[in-house]
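Sending over a structure as C-alpha cells; questions will come in a sec.
As written, the chain order gives the labels A, B, C and D, with residue 1 at the start of each chain.
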Amino acid sequence: MDLIERVRRWAVARPCVLVVDVPGSTALRWTVEAELDRRGWPLALSPAGADLLLVVGTPGEDLAQAVDVVWSQVPGPRHRASISTGDEVSSALDAAVEALGEAAGRGQPGDDERPSPGDLLEQRGGGDHMAMEHGGTDADGHGEGVPHADGHAMDHAGMDHGAMGHGGHGEMDHSGHGGMDVAGLPMAGTTPDRDGLRLDALQVSLGPVLAGWPPGLLLHGQLQGDVLSRVRLTWVDADTGDERPASDSGDARLLALDHLSRSLEVAGWPTAARDARRARDRLCAADPADVEAGHRRAARLARRVRRSRTLAWSLRGIGVVGDAEAGPFRGDVFDRVRWWCELASAPEPPADVPPGLSLERVAGALDGAELAAARLVVASLPLSHPAARRMPLSARV
Amino acid sequence: MLTDLPAWAVAAVIALGGLSVAAGIAVFVVDSMARATFALLTSFLAVAGILVALQLPYLAFVTALMMTIEMALMAVFMIMFMMNPAGLMPMTMVHNARGSAVLGAGAFVLLTVGIWTMDWPTRNGAVPADSTRQLGEAIMGSHMLVMLVIGVALFATIIAGTVLATARGRYDRFGAELDAARPDDPVPGGLPR
Amino acid sequence: MTAVLALLALVCAIVGTVYGASRLMGGLWQPAQVLPFESGMLPQQHAVSRYHARWYAVTILFLAFDMEMIFMYPWAVVVAEMGPSAVVEMFGFLAVLLVGVVYVWREGALRWT
Amino acid sequence: MSEMEIPVGTSAAAWGTWSAVLTVTAVGLLLGFLVAATDRAVLTGSGARAAVGTLQSGTRLLLEQRRTTLAPDSLLWRLGCAAVPVLALLSLAVVPIGGRTLLSSSADLVWFNAMEAVLWAAVWLVGWGPNAVHALTGGYRFLIQGLSYELPLMFALITVGVGAQSLRTTNVVAAQADLWFVVTMPVAFVVFLASAAAFAFWGPFASPAGADIAGGVTSELSGVDRLLVDAGRAVFLGAAAAMATALFLGGDAGPWLPGPLWQLVKTVGVVVLLVVVGHRVPVIRPDRFVEIGWMVLIPATLLQALLVSVLVLSGFYG
C-alpha cells in the first residue's frame, strides 16, 4: 500500500494545470505562466485534462460561478488554488502540488463534494443568477444584419423548460420534439443558416474559461455544423465595475507578445507559442541582460513567424476587418499577427497600442465564421475592455 | 464448397455469419443513428472476417477498409439528415415494421436455403498461391472491360453527384463571364482558385 | 492468421489490464458525473443534434474515387507481367477520374459551403 | 494449403505464436513510448528528462478518475477509446521485426491501410460519445482530414507495391536489396509520413485535437480513457515510422551492424525527424488542406506511381 501511495504522489508531482485568467490580472498571469514553463508543468486545454485548477487573480461573481462549474468537471485527484499576488506564485504552486499529492495519496476522493450535473442544471432552471443573463455594457453586441438577435432567444433558449416551444422566437421551430427535455437539457431547434438552409442550431458559449481566450470574454452564439452565427460578446462581471489594475508595465511589446502567444497557441503552433512566452518572461525581468536576451528572443520569434509559409497560408483571408476605424488591425488574421510581430520585435518600447475594437465590431466579424476561424479572429484582435479604458496602466503586480 | 475448408474455417464462417446477421438486425432495433451505422459496420467487418476464413486476404482487408470509411461517411449523412440522431428522444426509423420484417425474413430464408441446398460446382484447379495477383491478372486481362465501364460510371457519378449536391457552381464563384481573379466563396480554400 | 488473432487477444487483454490497473491505482473510484465542458458555462442543449458537415460534397467525390482502389492494389503486383498496356490502361482510367476532380474543384465543391 | 495457412517465414512460425505476439506488442509499446518521449522533449525543450516525464504522466492518467458526461453514448465512446490502441498494435502485424512479420499475406500493405481506415470510425466515436460540442467538432475534423489524406496515402502504398511487384512487406524489403525505395519514391515517402501524422492526428495534423476546440476529441477524456487514446496515437506514429523504414529505407539492410540494430537506428531516425519537423509548422487547417490533398498531393503521388511503373517496365528494379 505504501508503495502504491508513493507512486501516486510521484505521478502527480508534475500536474496538468488549467489556468483561469481573471480580467485585470494579466501581468500576474505572465508570472504564473513563466513559473509553470520553468517547472515544465503542461497547460491543460479542458478540465478533463487538468489536475490543478489555478485561478489567477480575484474573480468577480459571475466568473467565480463559471470557475465553480469548471471545477465540478475536473477529475480526481484534483486541487484548486488561487493566486492573487506575484510574490506568492512559487510558494502557492509548491503548496498546490503538495495538496494534490495528498489528495492522490489518499486514493479516495475524500473531498469530493462534486455537484451532480442535474443539480447544476436545476440551479439554472430555477432562474438563479447566471452570467448568461448579463448583458453588461454590450448587451446588443450582435453583428449587423443578424435577424432576430434580440438577446431574448439567447437568454432563454433552453432555460425554462420548453422555452423553445413559446412563440416569439422568430425562426426557432421545434421540429416535433414538443419541448421535451432529456436529462435536463432540450434538443437543438432549427433556424436558417448562412447559406440559406434550415439547420439545427446548437446554442453554445465560448469563454470565459478557455485556453487562448481573452480573459473574461464571453461569447454566446449558435453553431450550425461548425459555423457560428448570432454571435453576442460580453464581458463577465462588467457591471460590477472592474477596479483592479488593468494590464501591464506599459510596454506595448509585452502586450504584443501576449497576443502572439495566444494567437500561435490557437493556431496550433505550441513551440512558437512557448517561444513567445519565454521572450515575454525575459522582457519582464529586472536584469538588463535578461531584457536584452528577451529582445533577441522576440526578434527571432518574429522572424520565424513572419517567414512561416504554412502559417501565412493557414491564416490568410480569415476575419478581414476592412475599414479605417480598425487602424493597424485592418486586414486579415495574418496581417494582424505580423503587426504584433513588428511591435514585439521593436528595439524601443513603441508608443501606446491603439485602443482595441469594440465588442460589437468583433461580433460582426465573427458572424458566419467557422469555429476555428472565429477563435483565430478573437485571439488576434485586441478588444476594448470597459475596465481597461477606465484604468490607467499601473505597475506590475 | 465448405468441405474444401478446414474445420476451424467452417466454424469461423458460421460464427461470423451469425454475428453479421445479428448486427444487421441491431441496425433496426437501436434508436441512435450512430449506433445503427456502427452496427452495420460490425456486420460488414464480420463479412470481412468470413473472407479471411475463406482465404481471400486482399478482398477481406479491402472490404474492412472500404466499408469502415463508407460507414463513417454514412454516419455523417445520417446525423446530418435524421431528426434526433443520438436517439435521445424515443423514435423509430422503421415504417411498416411488420411488412418489412416478413419480407426481410422471407428473403433471408430463401437465400440461405438456396445457398445451402444448391449444387455448387466442384472446384477444378488448386487454390492460387497468391489470390491478389490472380485478381490483378483477371482485372487487367479478361475483365478489362469491367474496369473501363466502371471508370466511366465513376466519372459520371462524380459529375452528377457534384451537380446535384452543390447549390453553388462556377458561375456563382467567378461571375457570369467566369473572369473573376479570385472566387467568391464563404470559406476560402487552400489554393488561390 | 491465428497469430493475428492471438495478437488481438493479447492487445484486448492489455487494454483490460490497464482498466484493471487503473481501478487498483485509483482506489476503485466511480467515474465522475460531470457536465460537458463549455468553457465554464452550462450547456444549453444536447450537442449531438443534426450536424451539418460543410464538406459533404467532398464525400461524394471521395466515395467514387475510392472505388478505383479495388482495382489498383491488385494492379500494382502485375504491372511487370502485363507490360506497358497495363500501365496505359490504369493511368487512362485514373486520368478520367482526375478530370472529374478538376471539374469538382472548379465548381468549388472542395470548399466548405 | 494456401498462403494463409503456410506461414511464409512469419515470426509466429519461426519463434512460436506467443513469443512472436509478445514481441510485436512489446515493440509497439516501446515505439509508442519513444514517440511520446521525443514529442515531449521537443515540445517542452526538456531533453532526456522527457522520458521520465512521459512515464510520470502515463501513471498519472492511470490513477486519475474517469468521467462520464450528461447523456453520453457510453458504449460507442468507450469502444472508440479502446479501439485506438488496439488498431495501432494490430497495424504492427505487418511491420517486419527482426526481418519477419507476424502476418504475411499477399496483401500486407492493404492490412496496414485497413487498420488506419478503421481508425476513422474509432476517432469519430471518441468525438461523438461524450455529447459535447468541442469533442464532436473534433470528430468531424478527423473525417474531413481523412478524406484529404487517404487517397494520397493509398497511392503512396501502391507505388511501393508497384516497385516491389508485391504487397507483402517482406518482399518489399527484399526488393530494396540494391537500392532503397526512397531514392526513386521521395514523394511517396514524404506523403506516407505526412499521412502517418494525419492518422495519429498529431503535429501539423492535430486539428481534431486542436487547442482551438479545447482539445477536440480528447477534450472530455480523463484517466484511462485518455491514456488509451494518447498511447494509441503514439503507437500508431511509431508503427508508421517502423513501416516507413521497411517500405522506403531498406528495412534492416545495412553494413557492419546486425539487421535488427539497423532497423532500430533507422526507425529512431524517422521518429526524431518526424517529431522535429512536425513541430516546426503550425496546424494545417482542414478546410484549407482539402484542396491541397486533392489538387496537389493526388496528382503528385499519381505521377510518382507512373514514374515507378515506367521504371518497373524498363527493368530498373531488376
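Definition applied: a residue touches a chain if its C-beta (ideal position, glycine included) is under 8 Å from a C-beta of that chain, and two chains touch if they have at least 3 such contacts.
Just so it is clear, the structure is predicted and the values come from calculations on it, not from any experiment.
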| item | value |
| --- | --- |
| Higher-contact pair (C-beta pairs counted), A-C versus C-D | C-D |
| Centrality ranking, top chain (CA atoms only) | C |
| Mean-CA-position distance for subunit D and subunit A (Å) | 33 |
| Distance between chain centroids, defined by C-alpha means - subunit C, subunit D (Å) | 13 |
| Centroid distance [mean C-alpha coordinates] between subunit B and subunit A, Å | 43 |
| In subunit C, residues with contacts to at least two other chains | 1, 25-26, 29, 32-35, 37-39, 43, 46-54, 59, 61-62, 65-66, 69, 73, 76-77, 90, 101, 104-105, 110-113 |
| Multi-partner residues of subunit B (each touching 2 or more other chains) | 34, 52, 58, 62, 65-66, 69, 73, 76, 83, 86, 88, 130, 132-133, 167, 186-191 |
| Junction residues of subunit A, two or more chains touched | 7-8, 46, 48, 73, 75-76, 109, 117, 182-183, 185, 187, 195, 202, 204, 210, 225-226, 313, 370 |
| Chain contact topology (line, ring, star, complete or other) | complete |
| Residue ranges of subunit B in contact with subunit D within the complex | 6, 32, 34-35, 38, 41, 45, 52, 55, 57-58, 61-62, 64-66, 68-69, 71-73, 75-76, 86, 88, 127-133, 187-191 |
| Subunit B contact footprint on subunit A (complex, rising order) | 175-177, 180, 182-183, 187, 194-196, 313, 316-318, 368, 370, 373 |
| Parts of subunit A lying in touch with subunit D, wherever the complex brings them together | 7-8, 10-16, 40, 42, 45-46, 48-49, 51, 73, 75-77, 104, 109, 117, 182-185, 202, 204, 210-212, 223, 225-226, 264-272, 274, 308, 310-311, 313-314, 370-372, 375-376 |
| Footprint of subunit B on subunit C - complex, ascending | 1, 46, 48-54, 56-57, 59-71, 73-78, 81-82, 85-86, 89-90, 93, 96-97, 99-101, 103-113 |
| Contacting residues of subunit C [partner subunit A, same complex] | 24-27, 29, 32-35, 37-47, 49-54, 112-113 |
